[in-house]
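Once you scroll down, you'll see the structures, which are given as structure tokens.
There are two complexes below, and they share chain A, which is joined by chain B in the first and by chain C in the second.
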Partner chain A sequence: MRLYEFEAKRVLAKHRIPVAPQKLANTAAEAEAAATELGGPVTLRAQVLSPKLLKAGSVESAATPAEAAKKAAKLLDLDDGGRKPKGVLVLKKVDAGADYSLAVTYDGTRKLPVMIAATVPGNVEDIADQHPGKVARRHFSALLPFSDYTAKELVSSLGIKGAELTRLTGVVSRLARLFLDYDLTQANIPSLARLADGSFAARDCYMDMEVEGRARQGAILAELGIADDDTRAVREPTAFETAGKKIDDDDPRGIVGPVVEFDGNIGLVIGAGGGSLTLTDAVIKAGGRPANYAAIGGNPSVGKAVALTKLVLSKPGVEKIAVMSNVVSNTRADLVARGVIKAIVEMGFEPKDKIAIFRVPGAWEADAVKILKKYGVDYCDRTVSISEAAKRAVEKIGA
Partner chain B sequence: MGVLIHKDFEFIIQGITGREAVNFTRECLEYGSKVVGGVTPGKGGRDVYGVPVYDTVREITAQRKVDGAIITVPLAFAPDAAFEAIDAGIKLIVIITEGIPRRDASQIVEYANIHGARVIGPNCLGLIIPDVCRFGSLGGPAVDCRKAFKPGVVGVMSRSGGMTTEICNALSGAGLGESTAISIGGDPVIGSTYTDLMPLFEADEDTKAVVIYSEPGGSTEAELAQWSVDNKSRLPIVAFVAGRFMDEMPGMSFGHAGTIVEKKLDSPADKIRRMRDAGISVADEIGDIPKLVKERIGA
Partner chain C sequence: MAMFIRVDVDQAIVAKTEGLAAKLVEVCPVKIFAPGSNNGVQVVEANVDECTLCDLCMRASPDGVKVVKLYEH
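Right after this comes the complex of A and B.
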């Protein structure tokens, strides 16, 4: 879960990592006032979450307060995946004696958190590709209490000495500790400036909090004003997706989700986990255009299958659905079959006209087959691969 | 042969009285696995299909050898259960529980490393040597499990539990079968990655090829590609990378917690490129896997 830059910087400041002079503005007038107060040329950064905007299009420079107002107005009007930006950060351009970058993340290979520092600013991953000699890494324990010497070893391995070594060690240590304390998956300072007096100030910062860690991070989330239902998705959910989430929330038996809307014509009632990824790929590979992504699994109730089928089939442009899964362990194929057919009948259609293919090899498969045969629905068993089942669905429905 | 488990492998189930655990305890017993005890605090003295339930792991390890533990306790208790098993001297631990934050997963794995224990998972279904031992919930009811998993020559490692069964079903259908299939877990920090397990398959004379199922997110495929270049393995590797459609959707989350493209290394396109450069056969379609394995082993 991505924090906005201004939130991430509040976390830094709370843990005594100084932040370069800045002001958050919610209107063009506020941006103008901020630029006046900060003095001199400023950088304006729209507070957005969309990865595309974060890559390009959300940053401007302004030489004067009037220009800042104009640029801020433009930035505040950006479309951030269906949301408006949460304000614009107005940052004073500060002169730096040196500019470093720091990052803390998990290394899945070593299964440990790792601190990364570079002697140039930017994304540490890119720096590691382009200038491997300018980057150092130091793994540390998430089990034992954090020891500052590990941060010192990291800084020292970059050839940094004297007062700068001790000061930078402090910044890195504090970043590593807050990374652990707040269940972050990334804590990055792409630009850490060394000011004229030798102190450091973060000019940029981003943090991701682990969704699975949110439940125990209530205190900091409340302090930042982040509500429980604020999921920070890269874009706002569509009405279709919200309806999908409601199906899952309404009935605890089995899992429906995530439901994601695409713009194709093939309705997918598929599941689950890795199976859904594979099935969606298989439909696309066969030349089909999925109307949605929807994982159903964990032995769902008939009601859940009914609700999901109705949702998918009522999406404009969807004529038929493909009901497919990987070879499942616990999901009862007969319950899925019952649910899908019940939904279609209740909608006033013939199941054989609406189900392009049914492939759910799992428990109670023989009972599922009986039901499907009764309604004349085309089905296949585990001897037909996911790729083949997807091809049949696409042939029937058309691209 | 096969890896990690064997016909005399004896294990316990922590959280044995949970709804899903009761089911797969029965399934394991019906499959012929040796489930020698279960643990649920406060329910000591009961039994689940004849398997005695205890309050603590040490009550079991004090009286008998225990080779492995399956952890399927609610999320909030999972790290504690893992520490309990490790402290009781159990050396192979399968963590089924989903949704464990990275910090806790990292702590569990580090503690296991200190004590010479191995962790499979979290967020996995365990492992199986077909017709020999099933250690986990792979494959569902024993009768369905026997349909999907057949003894054979392919070592399987999969980040998705469900797709472990799907792929093995296809390999079995093609007459190849599996030496050992391992659901390694879908999380960003897991106890045993492909690279950690490759040397075991390398040393297993039954294994003639390895199939991996991978997903977007994480660096474990890049790590495997590097391992393949560095080690002249006798085993051909065939890989499938799911979620290619996600390449166009950075930051969106589908399926497992681990399946989110956060970094360059995470994207399916990057994984496929790295693995192909390292001589790993990457299947374009899931259905091509058995054919590619046959080509690589000359069967």
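Right after this comes the complex of A and C.
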């Protein structure tokens, strides 16, 4: 769950990591007043969640308060995935003697948190690709108490010495601790300026909180004013996605979801734990364009499979569906087969014309095969790999 | 109308066996049976395709209930 930059900076300030002078403005007039108060040129950052906007298009510079007002008005009008930005952060441009970048995240390979520091500003992953010599990493335990010494080792390995080493170690330590304390999946300061007096100030910051951590993080979420129903999705749900959620809410048996709408033509009814993500990736890798992501599992009822199939097939541009899963033990292949076929027949189509591929190996597979055979649908068993099944679906439906 | 499963009930057997109708209503996990008139049961057609083939109804009344997989015929 992504925090807005102004929220992330509140967390930094709470933990004694200074941030560059800034003000949150909700209107162009407020931005003008903020720029006047801060004095000098300012940077304006729209408070958005859309990854596309965060990459480009949500930051402006202004030399005067009047220009700040004009550019703030433009930023406040951005479309952040169906929402308006949650204000504009007006930041005073500060002179930096040096500019660093810090990040704390999880290393999926080592299965440990890792601190990353670089002697240049920017995204640490990009810096690691372009200037590997300017980046240092240190892993640490998520279970044992954090040791400042690990942070000192990290900073020292960049060749930083003396008072700067001591001060930067403090910043890194506090960032690593708040990462652990708040169940974050990343805490990044892409631009940490060293000011003329030797102190540091974060110019930029973003944080992601583990969604499962929300229940434990009520206090900080309340402090930041983040409501329980504020899901921080990258965009507002579409009508298709809302209908998918309703299917899940209406019947407690099994799971349908999350249902996510894409703009492709291949309807997906997929499942089996991580299999649904693997299958979506496999379709894309095979050159296909998924119309949706819609995981089904946990032994859904026939009715639930009917409703999901009807939803996917009713999406404009979807002519056929691919019904695929990894090997299932907690979802019955025969019940999924019944649901998919029943939906298609009730919609007035022939199952063999609408099912590009059916690969749901596992529990009650023998009955699924009989059902499919009766309706003229070919069945793929587990000898057909996920990649091969996705490839066949793409070939039948077309990219 | 169910497409995959048919449930045949011999109402005479159900009716003459004390408590069998209630037992059938109770054991079915997907509510295929509802209390019927004259100590019998009704088959809830909308739920028949949800049958999980658990056989609990046939165990409750081996002679009175038969579950047929239509896709095997």
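Following the convention adopted for this analysis, the second predicted complex is superposed on the first by the 278 of 399 C-alpha atoms of A that agree within 3 Å, B and C clash if a C-alpha of one lies under 4 Å from a C-alpha of the other, contacts with A are read in each partner's own complex, and residues count from 1 in each chain.
The rule is simple: contacts are C-beta pairs under 8 Å (C-beta built on N, C-alpha and C of every residue); 3 or more make two chains touch, one makes a residue touch a chain.
Computed from a predicted model, the values in this text were never measured in an experiment.
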| item | value |
| --- | --- |
| Per-residue contact with chain A, leading partner among chain C and chain B | B |
| First, second, both or neither for A:367, with chain B first and chain C second | second |
| Partner chain(s) touched by A:297 [first = chain B, second = chain C, both, neither] | first |
| Touched partner set for A:282, first chain B, second chain C, both or neither | first |
| First (chain B), second (chain C), both or neither touched by A:269 | neither |
| Touched partner set for A:335, first chain B, second chain C, both or neither | second |
| Partner chain in contact with A:111 - chain B first, chain C second, else both or neither | first |
| Footprint overlap on chain A, where chain B in one structure and chain C in the other make contact | none |
| Residues on chain A engaged by chain B in the complex (per definition of touch) | 2, 49-52, 106-109, 111-113, 125, 141-143, 180, 183, 185-186, 208, 210-213, 233-234, 258, 260, 272-278, 280-282, 284-285, 293, 295, 297, 325-330, 361-363, 382-383, 385-388 |
| Footprint of chain A on chain C - complex, ascending | 3-4, 30, 49-50, 52-53, 69, 71-72 |
| Contact footprint of chain A on chain B as seen in their complex | 20, 23, 99-103, 105-107, 109-111, 125, 137-141, 144-145, 147-148, 158-163, 165-166, 169-170, 173, 186, 188-191, 193, 195, 213, 215-216, 218-220, 223, 240, 242-246, 249-257, 259, 262-265, 284-288 |
| Residues of chain A touching chain C in the complex | 301-303, 332, 335, 338, 341-342, 345, 367, 370-371, 373-374 |
